[in-house]
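Structure first, then comments.
As written, the chain order gives the labels A, B, C and D, with residue 1 at the start of each chain.
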Amino acid sequence: MNSHTISLYAAAIRHAILDHEADIECLDREIGDGDHYINMKRGCEVIASMTDELTALSAADALNKIGMKLLSTIGGASGPLFASFFMSMSKTLKGSETLNTLQMALAFEAGVQAIMQRGKAQAGEKTMLDVLIPVANTFKQMAEQDKSSQEIATALKQVASTGLESTRNMLATKGRASGLGERAIGHLDAGAKSCEVMIHAVCDAVLIS
Amino acid sequence: MNSHTISLYAAAIRHAILDHEADIECLDREIGDGDHYINMKRGCEVIASMTDELTALSAADALNKIGMKLLSTIGGASGPLFASFFMSMSKTLKGSETLNTLQMALAFEAGVQAIMQRGKAQAGEKTMLDVLIPVANTFKQMAEQDKSSQEIATALKQVASTGLESTRNMLATKGRASGLGERAIGHLDAGAKSCEVMIHAVCDAVLIS
Amino acid sequence: MKKFLNNVDQMLVESLSGFAAAHSDLVDIQFDPTFVARKQKSDNKVVLISGGGSGHEPLHAGYVGRGMLDAACPGQVFTSPTPDQMLAAAEAVHAGKGVLFIVKNYAGDVMNFEMTTEMLPFEHATVLTSDDCAVVNSTYTTGRRGVAGTVIVEKCVGSLAETGADLASCKALGDKINVRTSSIGAALTSCTVPAAGRPTFDISEDEIEMGVGIHGEPGRRREAMREADAIVGDMVAAIVQDIEAKQLPTHGDILLLVNGLGATPLMELYLIYNTAAKLLTEKGFHITRSLVGNYTTAIDMAGASLTVCLLDNEITQHWDSPVHTAGLRWGC
Amino acid sequence: MKKFLNNVDQMLVESLSGFAAAHSDLVDIQFDPTFVARKQKSDNKVVLISGGGSGHEPLHAGYVGRGMLDAACPGQVFTSPTPDQMLAAAEAVHAGKGVLFIVKNYAGDVMNFEMTTEMLPFEHATVLTSDDCAVVNSTYTTGRRGVAGTVIVEKCVGSLAETGADLASCKALGDKINVRTSSIGAALTSCTVPAAGRPTFDISEDEIEMGVGIHGEPGRRREAMREADAIVGDMVAAIVQDIEAKQLPTHGDILLLVNGLGATPLMELYLIYNTAAKLLTEKGFHITRSLVGNYTTAIDMAGASLTVCLLDNEITQHWDSPVHTAGLRWGC
């Protein structure tokens, strides 16, 4: 992976998020405040506008730039979380030029850990982490087992969907839905949904190439 | 007529107004501010609550009391107008004990003139006067011709309805609808409607007795 | 209809009781006949009394207090108050120098105040406000409606009265401000009179009522919903046209009031202000005083009105002077 | 959705521009990063900076000015502002004695302010407001939401900061007020986030959302619409229960704030005040300070919240001191 691939993935993510407007918006309306899709869209648009700038950078620098830009653009809960994700990935990859799959997996894991720290959250709290943690785990395992990109992409899509679905029957104990108690049960988490959509988008991009 | 009959007529009026809630309310919503029915109802209720008090008085005193009470109860445009009507009727009848039809017709005419003065209005301005003026004229004419109460009541009902209907295609040049210009055309005037309803109620009471 | 209320018939009394309780440092209330008066009675000054139908809160009770009204007579919702209320209020607050009534120009209000003055034992005068320029070129004869500009009249004349000015001067200032003030409103939704229980008019998602009155009376025309700049552009144009028709200058210092009709959030009112201020400045006006918020409402209507008052030194000075009421407060 | 706007993406900038223009005597505005700061910079005092998603106007920009905030950072609608805004605001207003952030307790706000403080070159502290007692007996762990009680914190801590008090004292007063303040809201309708273009939740004519959040988050429960006394009775009971749970006295002097959520007219707010004041007085409280109006809104939601703050001499004194902002003004 290099900064060019990163930009391609960003474009794929943007398309996927825009395609899922209705689902994502609806979920944050049900047990949140209705702005999650708008926040995601704002983030996607600003990254799309930076393509030229990003491709001139190393992968690590591009990821850091993305994190910084998201931090000053998204706001809300998802802003600092996604920003932490990318800035932490960047830190892990610092110095490496083109990256192999295991480096990517480890960077992804570091990113997810940064989200956990920033959000003081674990798996099982009905947040984006219920998608991201299992994805990070599977990603690392399969990379360590030297699985092909194709195999990994196919598996991660499945894990992401399962993670998303797992949020349905959870009580929320983090984020805005945590005030709802039992009333949150039966609804998917919006942030988990957008993470699932993004992971599918990147995996599909990998599968096509 | 004496104060007992007045109370009977007031009761008939009250029933008729309550029966026509939907029509009256709807008209003032269309080209007014939607409160005319409520104003009329408030007036009717307060007079109903005074029956004992009124029947102890002479007709003239009862009418004056009604006028004063309406003045402090109805408010809006219709309050001072109906109050002026009754207080002026009372003044005309002062001194007379039981009253004949001509006296009633002259008092009614005086009442209508008081409304014209108070409202600085004429026939043809899309107000209650488009019912009241023709009714007063016919009432006086027929009383002068010594027509029976039955004949008069039947005629006045017709005149009132014609008067009401005549407001439909008028421009309003008095009252709240006067700001509407052409937009008032096609709608009946709410105050004209409630006057028609009241005149029908009293005439029906006369016809039954 | 969905409202916080117990019983439609008791709504006004309960609301006024809450008002009086929340502002017991400022006002006293009396019922039957109903009026709100300053807690601290004035001495040796012209007293200002206003009133009108309820549903326009904070108008008028919210403007009782130092530097503004001495008393207010709230009528039933959208129904002018009755003479007994005004007589009782005048009796309670009269301070030796006469009574100035400030009355919005509606048939009902005018007639009730007229009957009051016929019975009033004190020297008195009336300022009739008629700032609404919504309806033009019509054949009506009762004159324009009094709307949000009334607040400016009450504020400035209240200030002048506080200085001990006589009745004639107070009336003169009120009349002058009224002439120099133009307003126009636009509604996105109807209001609902509680006792009626349903909206006064039907309006679809893609329509607005341009020139709406503060009682939900229909206005200039029903027109297509458009972007705010276009709507505000038309409102500003109507006001400028009105100022021209009155042969007053379309330049110089102005007060710009963006008034919410009840259900329109501040975010939208400030957006309207932004456009209106730009257009008026381009036209040559200089906005030196501003007010943005819900000052003369139409119950729960979504909509807004614009008011422009042509300032001069006298008006500006009285606008700036201290005022302490529930609805307007500064300088103290 | 029917709103006065030109383009959803420009709405906030246009509205903030209008706000800054209407209050150019009080505030300066800067965009990218966006913040509103006092026109008259403070000297040698703790500066107060607040911020949060837009849509709660006049919170927070409307509380920038003498005796209250030094700066406010408005985020996108219902979306917490970003660290670059807060850093720029702090840089612009810092006056040598540190920065106190006043933050409503929401995951997003907390995280953005946290990231800010990690980068901030000045001494700083944070008061996290969490007055909403809507949700009880739940297993949540992120704590209660900050709602209208935030206004009381901003007012009183603003007053203390004006006296030259140090950062620790300012934070201590803010934390104390937060503990002594309980709020709960009820919605009759949903709000509509402009960019979403449709109501956040569906609610029928005969339902209310009890314990609703100021972003339209669902509350305690969906329940049947009832008369105001019954609804307000439940709200007061929730607040009293919360005060008891905090082992604070259910008697003594209180400030009662009846806050409109955006589309509820004053007439209803005063009616709510009337009932709430009666019930609280019966319970043994003594209402010595009141505030009724739209102070912390949820865009265009019809609904209201009640806030009770247990007063002591210190809080009362700071509540009473002069304040001059767009949204609150007295004593000057």
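The definition used in the following text is that contacts are C-beta pairs under 8 Å (C-beta built on N, C-alpha and C of every residue); 3 or more make two chains touch, one makes a residue touch a chain.
Just so you know, these numbers come straight off a predicted model, no measurement behind them.
Q: List every chain that touches both chain B and chain C.
A: Under the touch definition, chain B and chain C have no mutual neighbours whatsoever.
Q: Give me the step distance from chain B to chain D, shortest route via touching chains only.
A: Minimum number of steps from chain B to chain D: 2.
Q: If you average the CA atoms of chain A and of chain B, how many Å lie between those two points?
A: Computed value for the inter-centroid distance: 75 Å.
Q: Mind checking the centre-to-centre distance between chain A and chain D? Centres are C-alpha means, answer in whole Å.
A: Whole-Å distance between the two chain centres: 32.
Q: Please work out the Cα centroid separation of chain A and chain C, and write it as a whole number of Å.
A: Centre separation, chain A to chain C: 54 Å.
Q: Just how far, in Å, is the C-alpha centre of chain D from the one of chain C?
A: 29
Q: Could you tell me which shape the graph of touching chains takes: line, ring, star, complete or other?
A: The chain contacts form an open line.
Q: Let me make sure I understand the interfaces: which chain pairs count as touching?
A: Pairs of chains that touch one another: A-D, B-C, C-D.
Q: Quick one: which bits of chain D touch chain A in the complex? Just the residue numbers, please.
A: 33, 53, 75-85, 106-108, 111-112, 114-115, 132, 134-135, 137-142, 144-145, 193, 195-196, 200-201, 213, 215-219, 221
Q: Taking the touch rule as given, give the residues of chain B at its contact with chain C in the complex, in rising order.
A: Touching chain C: residues 25, 29-35, 37-39, 42, 71-81, 83, 118-119, 171-181, 183 of chain B.
Q: How about chain D: which of its residues touch chain C in the complex?
A: Residues 2-7, 11-12, 14-19, 21-23, 54-55, 57-58, 62, 188-189, 205, 225, 227-229, 231-232, 258, 262-275, 277, 287, 290, 292, 294, 297, 299-300, 302, 304, 329-332 of chain D touch chain C in their complex.
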